[in-house]
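The structure appears right after this line, and notes come after that.
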Amino acid sequence: MATQHSRAAARLMISPAVILLLAWMLIPLGLTIYFSVLRYNLLMPGDNPFVGLENYEFFFTDPAFTGAVWNTVMLVVGVLIITVVGGTMLALLLNQPMFGQGIVRILVIAPFFVMPTVSALVWKNMFMNPVNGLFAHLAKGLGFEAFDFLSTVPLLSIILIVSWQWLPFATLILLTAFQSLDSEQLEAAEMDGATGVARFWYIMLPHLARAITVVILIQTIFLLSIFAEILVTTSGGPGTASTNLTYLIYAQSLLQFDVGLGSAGGVFAIILANIVAIFLMRMIGKNLDL
Amino acid sequence: MRFIKSLAGAAASATLLAAPMTLAETITIATVNNGDMIRMQGLTAEFNALHPDIEVNWVTLEENVLRQRVTTDVATQGGQYDVMTIGTYEVPIWAAQGWLVALDDLPADYDIDDLLPSIRDGLTVDGKLYAAPFYGESSMVMYRTDLFEAAGLEMPAAPSWDFINEAARKLTDKDGEIYGICLRGKAGWGENIAFLTATANSYGARWFDEEWKPQFDSDAWKQTLTMYIDLMQEAGPPGSASNGFNENLALFQTGKCAMWIDATVAASFVTNPKDSQVADKVGFALAPDNGLGKRGNWLWAWSLGIPAGTDSEEAAKKFVAWATSKAYLELVADKEGWANVPPGTRASLYANPEYQKVPFAQMTLDSISSADPKNPTVDPVPYVGVQFVAIPEFQGIATAIGQQFSAALAGQITAEQALQNAQVLAEREMRRAGYPK
Amino acid sequence: MGRIVLKKVTKSFGETNVIPPLDLEIEDGEFVVFVGPSGCGKSTLLRLIAGLEDVTSGNIEIDGTDATAAPPAKRRLAMVFQSYALYPHMTVRKNIAFPMKMAGMPEDEQKRRIDSAAKALNLTDYLDRRPGQLSGGQRQRVAIGRAIVREPAAFLFDEPLSNLDAALRVGMRLEISELHERLATTMIYVTHDQVEAMTMADKIVVLRAGHIEQVGSPLTLYREPRNLFVAGFIGSPKMNLIEGNAAAQHGAHAIGIRPEHIEVSDQSGEWQGTVMVSEHLGSDTFFHVQDTGLAETMTVRASGEVGFKHGDTIFMTPRADQLHRFGKDGLRLP
Amino acid sequence: MARAITPRQKWTFTLVAWGIGLLIFFPILWTILTSFKTEAQAIADPPVFFAFDWTTENYTTVQERSNYFHHFMNSVIIALGSTLIGLAIAIPAAWSMAFQPARRTKDILMWMLSTKMLPPVGVLVPIYLIFRDVGLLDTRIGLVIVMTLINLPIIIWMLFTYFREIPVDILEAARMDGATLREEIIYILTPMAVPGIASTLLLNVILAWNEAFWTINLTADDAAPLTAFIASYSSPEGLFYAKLSAASTMAIAPILIIGWFSQKQLVRGLTFGAVK
């Protein structure tokens, strides 16, 4: 199905999307690159002189920079591990025969619908608060001292909150994958003498590969720019213990209003995102045969 | 630009995307989500009774978000707001940039001379008032009279840090969930930095010397921060590194704190039986000193300013005049009682015999009067501001340093490290900004 | 109406040349079958005629007008796809009505044609069902119905029976043949099954790698295959092809003899071999013979009564008048 | 698996699954419960689960403070508007990529997806300035544009995976039947892809509904959706758990209900064609 006619039509029909996305990418990106070589602070209006790579120098030598890159990676990897492993186990469980499966599925999927700001607020105040939070009540009820999640293990706390939001997503996709697994395959493996663990490892897991790839791709896209959860719970602290790149750029461009510096950070983040993107696309390309 | 906006609006209404059409003039007001502001919002109907042709839209945001939103908007002339809630830090800087409308034609009955001098000074640039104070505040000690009595302690009217330290440790009962003292620990230049800078003043520390060289390597800062961290670790509530004004208010209201050093404006909330479980057991004292002649109290006024370039300047002025007028104070007194009027802005309020009956009235006035933004600390400084430094770079530096102090409080780094980092950060930013100028 | 002429048509996908210059004339009312092994370009050729692919060069004329650049909708052709390509979200009635709706035909005319097509195709009871509720044969008929109502200049069939089981296939084959008799419209039919080609076609076009190997009536192809390829491709079971001495005796590079043109005997004959497998079909029996010294396996057809078993020695004699001789270039020798 | 399991096993699975399900759901349940408590009960220790005096006063308080329905309508318009416009742009684009694949198709798709990875904070100021200059700040149309653009890659990708499952024969049949390209897409492709389009729509409504960075930063009041509504509760004012819970419940309830009702479509939507 490829005539000149239809090829021309195809080009015509894809062009609005391409043009819009290109504009959406290039215009802000161009401005960001432009701003990144200016001394441009919103609070100090003036002629915004050209300063070359000074902003980049300041961005890369920012004491929080290394930590922010590390935190970004930890956040993405941590949530991915928890949601993929947890999601696989949960999906395996939900795939078993039980009463009220539909309702359990509704319960499990619910966190995905919750606004990130709301979930961060609820977790921070009603659960992790060391004085009035439910966890504190629970710890005291059991005779332990209340644990101060957000100042003692800030990054881990955020990982937990974000994992709670994304676990349903992983579970649902993996559950669907399990349900599409041909039961004859499993029976054949059983005839071949494979134990439960072996069946999981050699039959189910390879079958899940595509689904897991999708989970990783989609989640990474969203996790790289996690922001609301950090802003609401820890504001990147204590210190810079839970500052990721997004939050660092936010702090520079919207708390210090140093647009030049923030833009330099933005350019770096864009480059980083594209490196991750290329890496992911390779993986997807292999597993999704697009 | 408004034309384009209304054009876009018209186009939008054709596609069912527009806001409901209104004939009245609309002003959009950005406020902080604290008690007095929310009360003001609740009284919108009263304003509308006087000005039926003005429709008021409220944008109520948490302090940090508000600050970010309004600063972005005013600096880019975004024109989204007609009235902004800003503080004594922003007003002089913004006015100097020409971002604010001068309030030099307020009606005669507004009685500009009635405003407390220290507050009014902070909002005046070149003899013109650029924002009208909605409420003014200093800081002071709030304490639980019942707990002090039970422990056999007596709070002096003007306590020293030594006394506060001693009392706090004595009053702490961690099993009973009573903590000797609650202080700000949440990072932010309006949060822990405000408290710590004011405290540091009483220890004789300063941000910069006369050559704009950062002074975090000084002994005075070390004493301040060490005292603060030791005190909080031994007598503070858990999680204090993420407690700001509002979190501490909640703790104090639920009876978890024996002492709380914070904004004077909190007094009306902790003594309000509707919200506070300890309303009838609260005493007040001046912020502590360390025998150096300066007290650790700050000076702040949440004020209403009008961004230059608003297309509803007249309506906005009407609102600002109304919300900061004497009549507004009476209106709130009438509805909610004198204890709940926005404090700290007008001399006439403190002269009012009704208001003098309010337990914290005199202490608030004394605290405000004792703060001196021009000479905040023991040694001379090149800047203005008690708990802030009125230069544009301050926000950025203080945000970063606030995080360091917060990390020290959370036990992730030592006080020495925090101060070292603070010194490096401050030097770096000042170098970037080109100081000394 | 429905004369289709291809002039020097070529088609390349990128570097790959799928169809070298090709000329073909299809007369009005003819039933033409394109046959060849998979990948020979027969489907591509059909799609070129349909307009679903552009020709790389050359011209396609339909009824004397140049249709090379015309979009599919403008060529007045109807196509029946291998997968039936029914619209799953429409009822049978709407499926059949769709081309008429696109043509803006009046409602009552649409209804008349739907009813008559449904009657002719035995679909009247299923008009309000969705394709998903129909059997394979019924779907096939809907697809045909959808093609008929347009009253096209020609029908194009792309392996329409390959998704049906064997029994149904025979039935549908007959139905399509009958349809052609009744409508007398040009039909172009693509298949890889030479039985379909033999039974249905007025004219068979044998394709290999985009080349036309031979064009002719089924019996011409059967009796006088132009070359070794056609000889091997047409006829079932396949023609036995023999090279070497046995061929040289007949003055050819290779000779071919169809299984049905060999006499068998357990006594004597021109050739001799050992029966490996015998397939008894009842009416006929096929013997697969090895160790003949001629070709690896020879297939022989005999009547059902002849009985050889595995391992028996068999004697074979080709009927001299049915011997096909081919030269070194693979072409038939006169 | 076909093998029968014992009732005992089934009960075990039921208990474990319900336990985990309730645990995951608990924060939401707790928020909803708390929203009906008084502030004092909300922080009571030990916590009260059901035995409290149910009150709706928190909802009244929240509604007094900000006009919920104004923000709700903004959320609906922004989420639906951006998704519908996004679909209108994405359907032709996905058609092109699925049925007219060219050498660059895969690269274009990947590139589109990578635009989704641009950190919004990095480009807020430029966008803010542009919006200011064209008068789109605090307008619903402005937010619809931004939401459309940030979700477009996901919409296109999802539609692409659905479209690829549709046999190309059927579109060719339509073409042979005389349908123009427009008719082909309207009468054949779109109806056939309804399940996929529905799930794409759902997922994107959810994403747009919950997007909190652009919606807060580009609006003041006129166009502020529920994310802005909740932002004024992001730090406490004295005792506030019950009020926070009420506001949270109001913000998430609509999408939670929609999500539950359309769970099946959504699951399909979430799988991105990765799971057959």
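As written, the chain order gives the labels A, B, C and D, with residue 1 at the start of each chain.
Keep this in mind: contacts are C-beta pairs under 8 Å (C-beta built on N, C-alpha and C of every residue); 3 or more make two chains touch, one makes a residue touch a chain.
Chain labels with UniProt names: A = Sugar ABC transporter permease; C = ABC transporter ATP-binding protein; D = Carbohydrate ABC transporter permease.
What you see is a predicted model; the values in this text were computed from it and never measured.
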| item | value |
| --- | --- |
| Contact-graph distance - origin chain B, target chain C | 2 |
| Far-end chain from chain D, centres as C-alpha averages | C |
| Chain C and chain D, separation of their C-alpha mean positions in angstrom | 54 |
| Averaged-CA centre spacing for the pair chain D and chain B, given as whole angstrom | 37 |
| Interchain centroid distance [CA atoms averaged], chain A/chain C, Å | 57 |
| Touching two or more other chains - residue numbers and ranges from chain A | 1-2, 42, 132, 254 |
| Overlap residues in chain D, where contacts from two or more other chains coincide | 43, 125, 129, 172, 231, 233-234, 236 |
| Multi-partner residues of chain C (at least 2 other chains) | 52, 71 |
| Those chain pairs that satisfy the touch definition | A-B, A-C, A-D, B-D, C-D |
| Chain D-facing residues of chain C, complex | 50, 52, 71-73, 77-79, 81-83, 85-89, 98-99, 102-103, 146, 150 |
| Contact footprint of chain A on chain D as seen in their complex | 1-2, 5, 9-11, 13-14, 16-18, 20-22, 24-25, 27-28, 30-31, 34, 43, 45-47, 89-90, 92-93, 95-97, 99-100, 102, 106, 108-110, 112-127, 129-130, 149-150, 152-153, 156, 168, 171-172, 181, 206, 209-210, 212-213, 226-227, 230-231, 233-234, 236, 241, 244-245, 248, 251-252, 255-256, 259-260, 263, 266-268, 270-272, 274-276 |
| Of chain A, residues touching chain C in the complex | 1-5 |
| Touching residues (chain side chain D, partner chain C) in the complex | 167, 169-170, 172-180, 183, 187-188, 191-192, 194 |
| Chain D-facing residues of chain B, complex | 1-2, 4-5, 7-9, 11-12, 15-19, 28, 30, 33-35, 38, 41-42, 57-63, 65, 69, 72-73, 76-81, 244, 246-247, 249-250, 253-254, 269, 275-277 |
